[in-house]
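Naming follows writing order (A, B and C), and every chain is counted from residue 1.
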Amino acid sequence: MPDLDPERAERELDRFFAEQRLTRRRFLGRSASAALMAGGLGAVLSACGIDGTAARNLASLQREAASVNHARVELGDWTFSNWPLYIDKAVVKEFDARYGGHCKYVEEINDNNDFYGKVRQQLAAGVPIGRDIVVLTDYMAARWVRFGYVTPIDKGNVPNFGNLVPNLRSINYDPRRQFTLPYQSGAIGLGYDIEQTGGELTSIRDFFDPRWKGRVTMLADPYDCATTVLLGEGIDASRATLDQVLGAIDRIGAANDQGQFRRFTGNDYTTDLTKGNVALAMAYSGDLVQLRSDNPNLRFSYPEEGAMLFTDNMMMPAHVEHAYAAETMMNYLYEPEVAAVVCAWVNYISPVEGIKPILERSDPDIASNELIFPPDDVRERLHSYPSFSTRQEQEMYEAMAKVTGA
Amino acid sequence: MRASDRARNWALGIWSAAALLFLFIPVFLIVLFSFNDNKGRFNFTWQGFTLDHWKEPFRDPDLAKAMENSLLIAAVTTVAAVLLGTLLAVALTRYRFRGQGAAGFFVFLPMATPEVVLGASLLAMFLVAGIDTGFWTIVIAHVMFTVSYVVVTVRARLEGMDPYIEEAAQDLGAGVWTTFFKVTLPMIAPGVVAAAVLAAAISIDDYVVTSFNAGQTQTFPLYIFGATRQGVPPEVNVLGTMLLVGVLLLMGLNLAVQKALARRDRAVVEEPPSQPPTPAVPAAGPSAVAG
Amino acid sequence: MGLSLSQRRRLIPWMFAIPGLLWLIVFFAIPLANQASVSLMTGDPEAGYSLTWAFDTYTSAISDYKEQFLRSFLYAGAATVIDLVIAFPLAYFMAYKAGRWRNLMLLLVVLPFFMSYVLRTVSWQLILADNGWVVERLRDVGLVADDGRVLATGTAVIAGIAYNFLPFMVLPLYVALERIDRRFVEAATDLYASRLTAFRKVTLPLAIPGIFAGSLLVFIPACGDFVNAALLGTPRQYMIGNVVQSKFLNVLDYPTAAALSFILMTIILVGIVLYSRLLGTRNLTEAAT
């Protein structure tokens, strides 16, 4: 029965803490033997530090890349880790049939940060992670290159590299594409409900237009939102400095304080936009290709000030075990016929040249879709992410977290 | 029965039905959208009825495999967590030993730890110990954080139960395990069943801790979370619905068997067998579905 | 063997407790001990982190994120109360009125959770869309302001938590209620004449272990929840779980993430001690005497 005698409660509390101290000592004694049994003692001992990443610096990796030579061997059993629903699996089957070996195709990358959390400790310890190709978005790919978590690609095994579109042949974090090859791209722009807006929207300034107050969603990642805002201010976002990005975050924060944005989102803006909860969303082009059938009023426009282009990149992790198999796959995916199949399935912007004529024959709707094949004048205004050091990146994320409340 | 009693029973029944309905509102929508003829890749708006997604629900072998993994993991987790948790709960309530209080509080801690820290620190240990992550590390992780839920649920049953029954059994010469299986376990059976159902539900729905410790193994929640980027295919709704219907069918079968048994019992004994404290233990829990 | 009866008796509880405790020590306590030292480290991902006994991580974590801590406890507490109100009659019905259907209902309570939180939450988002049927009706009856909404509000976050943790309340309550011998209550009804008094004097006190267990199973994990605030709320609703998530996965500030976790755990632990005293169950504290 209830017993609320405060004095007794205090006594109990004291006793509990005394007891806990006592048992902790006992627990520790016991846990030491338990740890040995489980081989877990090392986890405690290693707790005197977390490894940094300076082991392999970029310069030495680039030297290594100049003379890299992966022997042509049997492909064997190898592993390709990708995002779910990001390839027509017939392509993988076809690859196995043509080149032999077995490609273990794993759809395990749900989120760049989650995947990094899963493998970072092995990467930092310099052990193989058991994947031969991973597909990561620019800013994460940049981090892996910066940290030396990658294996150089032997271009001799990827002759189809010549099919890569010119504007992606070089990127700030990997100027000569020695470690990363684009898989698919998408643009960040304005996704809007034309019935609600009553007309076309084409400018990044529209995100801040008081007419849509509370009916706008903004992407939560500063690489997406702050850079887009900078483009709206006429700044070349791919060369932006940290101060410029922090300034953009400040302006996003100020607008947020005024109640301009309903939410900050990842991909989950799609429900809000489809259901008409918002009039305007900062959106990915690939999503809007699909969302039109759920809500015919939805439109996507590439901002007139230019758009950020994000790319998911294929790369080989450090200490890769089946480099030749991985390179053979990369080469295969750069064949226009294969790239056309992938593009028709994924509906993102393909980095491979010469697939439009193929799709004009097989899928004319896709070939004529400007969200999948941006017109030339748009293509010229696509910008890649700026490149930051780890410390700068941390500062940027911290500033953004202050705005998003976390 | 008095009129007020009947009114009270009705009110209780209606409230309970409403509460269950509340739990099932999103489920109805998920089932409905397994029949949606969606033209694009997202499945947000009703665009007409189709049976297409039901024709080949296992078309994507990776989705089917993810579902299979989730069910197996939930089954193994449930058995292990219920075993460890029930014994621990009995120790914490039915006996006295030094450090008991601290152990009682310690059990709450895994629930209080934010999942990302729980998942990452466990992964760190697996790596240092040289254990490859995959199916079994997911099981280990799930058992670790479901044990607490089992302990707390079973304790809710044990608290305040007559402590002398077991002592009496032991005084009569029954061994510790005999006492546990013949006396304690039947008394707490409903608690154990409830704990098992809870453990299965937590295991089958976990994302964060699993994502750290999954290696290259896919589970149903991992697949769905990843699929949101491209649009969750309606086959996911189909598989979810199939699971739902499967569990309900098994449960219905179990009810029918119970009813038949009860009829046979009534023929022998004239007393209706519904009195506590020994209610029937269901033969089919979620673990039976998976196994 | 060579043990006396009393020695054997003393070993019995350990026999029961050791498998479970050992599991938790090896797979929870030891890994967490590692995190305890991480929380006292300084550094950055590139240079690595080293142990510098930086206790000020804790003080700044508290002062920087007071708001999110408070909000977490507030939301988790509100959701716990809502769940108690919804669950008690349901658990009561299951325990005493459901008869053969009892186990079916038990299963129905958790069945929605076999369908991934992502699908459930997306469904709620579709159902509660601003211009959807449900919200329109809520506006009609005045529960939502004419220009108001349900999604992206604090109410939505609390409701989401209450929804997702409801089974954690129902099951322990049911387990505790089902144990009560109905003959007690019948005797009490004869004794006190009023049903309400009988309920208050007999059923409720006997249900206390269930209330205690249920509210802890809801409140504790809800405090660390981040999914509901992220999907149903706005930044103004973010909870401490969102901060830990962001510190760990985006900012890569592992020490602060660990420190925040330990602060949360400590507060919750103290809360449990006080709560167990308040409810007066012999649950925990008596065992500690």
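In this section, a residue touches a chain if its C-beta (ideal position, glycine included) is under 8 Å from a C-beta of that chain, and two chains touch if they have at least 3 such contacts.
Composition by chain, UniProt nomenclature: A = Spermidine/putrescine transport system substrate-binding protein; B, C = Spermidine/putrescine transport system permease protein.
None of these values were measured; they are calculated from a predicted model.
A.B. asks: Given the two chain pairs B-C and A-B, which is bridged by the higher number of C-beta pairs in contact?
C.D. replies: Ranking B-C and A-B by C-beta contacts puts B-C first.
A.B. asks: Would you mind checking which chain's C-alpha centre is most distant from the centre of chain B?
C.D. replies: The chain lying farthest from chain B is A.
A.B. asks: Just how far, in Å, is the C-alpha centre of chain C from the one of chain A?
C.D. replies: Averaging C-alpha atoms per chain gives centres 33 Å apart.
A.B. asks: Between chain B and chain C, tell me the centre distance in angstrom, where each centre is the average of that chain's C-alpha atoms.
C.D. replies: 16
A.B. asks: Centre to centre, by mean C-alpha position, how many angstrom separate chain A and chain B?
C.D. replies: Their C-alpha centroids are separated by 34 Å.
A.B. asks: Return the residues of chain C touching two or more other chains; collapse runs of consecutive numbers into ranges.
C.D. replies: Answer for chain C, listing residues that touch two or more other chains: 29-31, 34, 122, 126, 245, 248-249, 273, 285, 288-289.
A.B. asks: I need the residues of chain B touching at least two other chains; which ones are they?
C.D. replies: 44, 101-103, 105, 116, 120, 124-125, 225, 228
A.B. asks: Please set out, as single numbers or ranges, the residues of chain A touching at least two other chains.
C.D. replies: As it turns out, chain A has residues touching two or more other chains at 16, 19, 27, 38, 40, 43, 46, 114, 117, 268, 271, 275.
A.B. asks: Enumerate the contact residues on chain C facing chain B in the complex.
C.D. replies: Within the complex, chain C touches chain B at residues 10, 12-17, 19-21, 23-24, 27-32, 34-35, 86-87, 89-90, 92-94, 97, 99-124, 126-127, 163, 166-168, 170-176, 178-182, 195, 206, 209-210, 212-214, 216-217, 220-221, 223-224, 226, 240-241, 244-245, 248-249, 257-258, 260-261, 264-265, 268-269, 272-273, 281-285, 287-289.
A.B. asks: Show me the residue ranges of chain A that touch chain B in the complex, using the header's touch definition.
C.D. replies: The touching residues are 16, 19-20, 22-24, 26-27, 38-40, 42-43, 46, 79, 81, 83-86, 89, 104, 106-111, 114, 117-118, 121-122, 125, 130-131, 267-268, 270-271, 274-275, 287, 289-295, 346-347.
A.B. asks: In the complex of these two chains, what residues of chain A are touching chain C?
C.D. replies: 1-4, 9, 12-13, 15-16, 19, 27, 30-31, 34-35, 37-38, 40, 43-44, 46-54, 113-114, 116-117, 146-147, 256, 261-264, 268, 271-272, 275-277, 389-391, 394, 397-398, 401, 403-406
A.B. asks: Along chain B, where are the residues that touch chain C in the complex?
C.D. replies: Answer in residue numbers: 4, 8-9, 11-13, 15-16, 19-20, 22-27, 29-30, 44, 83-85, 87-88, 90-97, 100-118, 120-122, 124-125, 140-141, 143-145, 147-149, 151-157, 159-161, 176, 190-191, 193-195, 197-198, 200-202, 204-205, 207, 220-221, 224-225, 228, 232, 236-237, 240, 243-244, 247-248, 251-252, 254-255, 258-259, 262, 274, 276-277, 279-280, 282, 285-286.
A.B. asks: Provide the residue numbers of chain C that touch chain A in the complex, in ascending order.
C.D. replies: 22, 25-26, 29-31, 33-34, 37-38, 41, 43-51, 68, 122, 125-126, 129-132, 149, 151-152, 205, 231, 233-238, 242-243, 245-254, 273-274, 277-280, 285, 288-289
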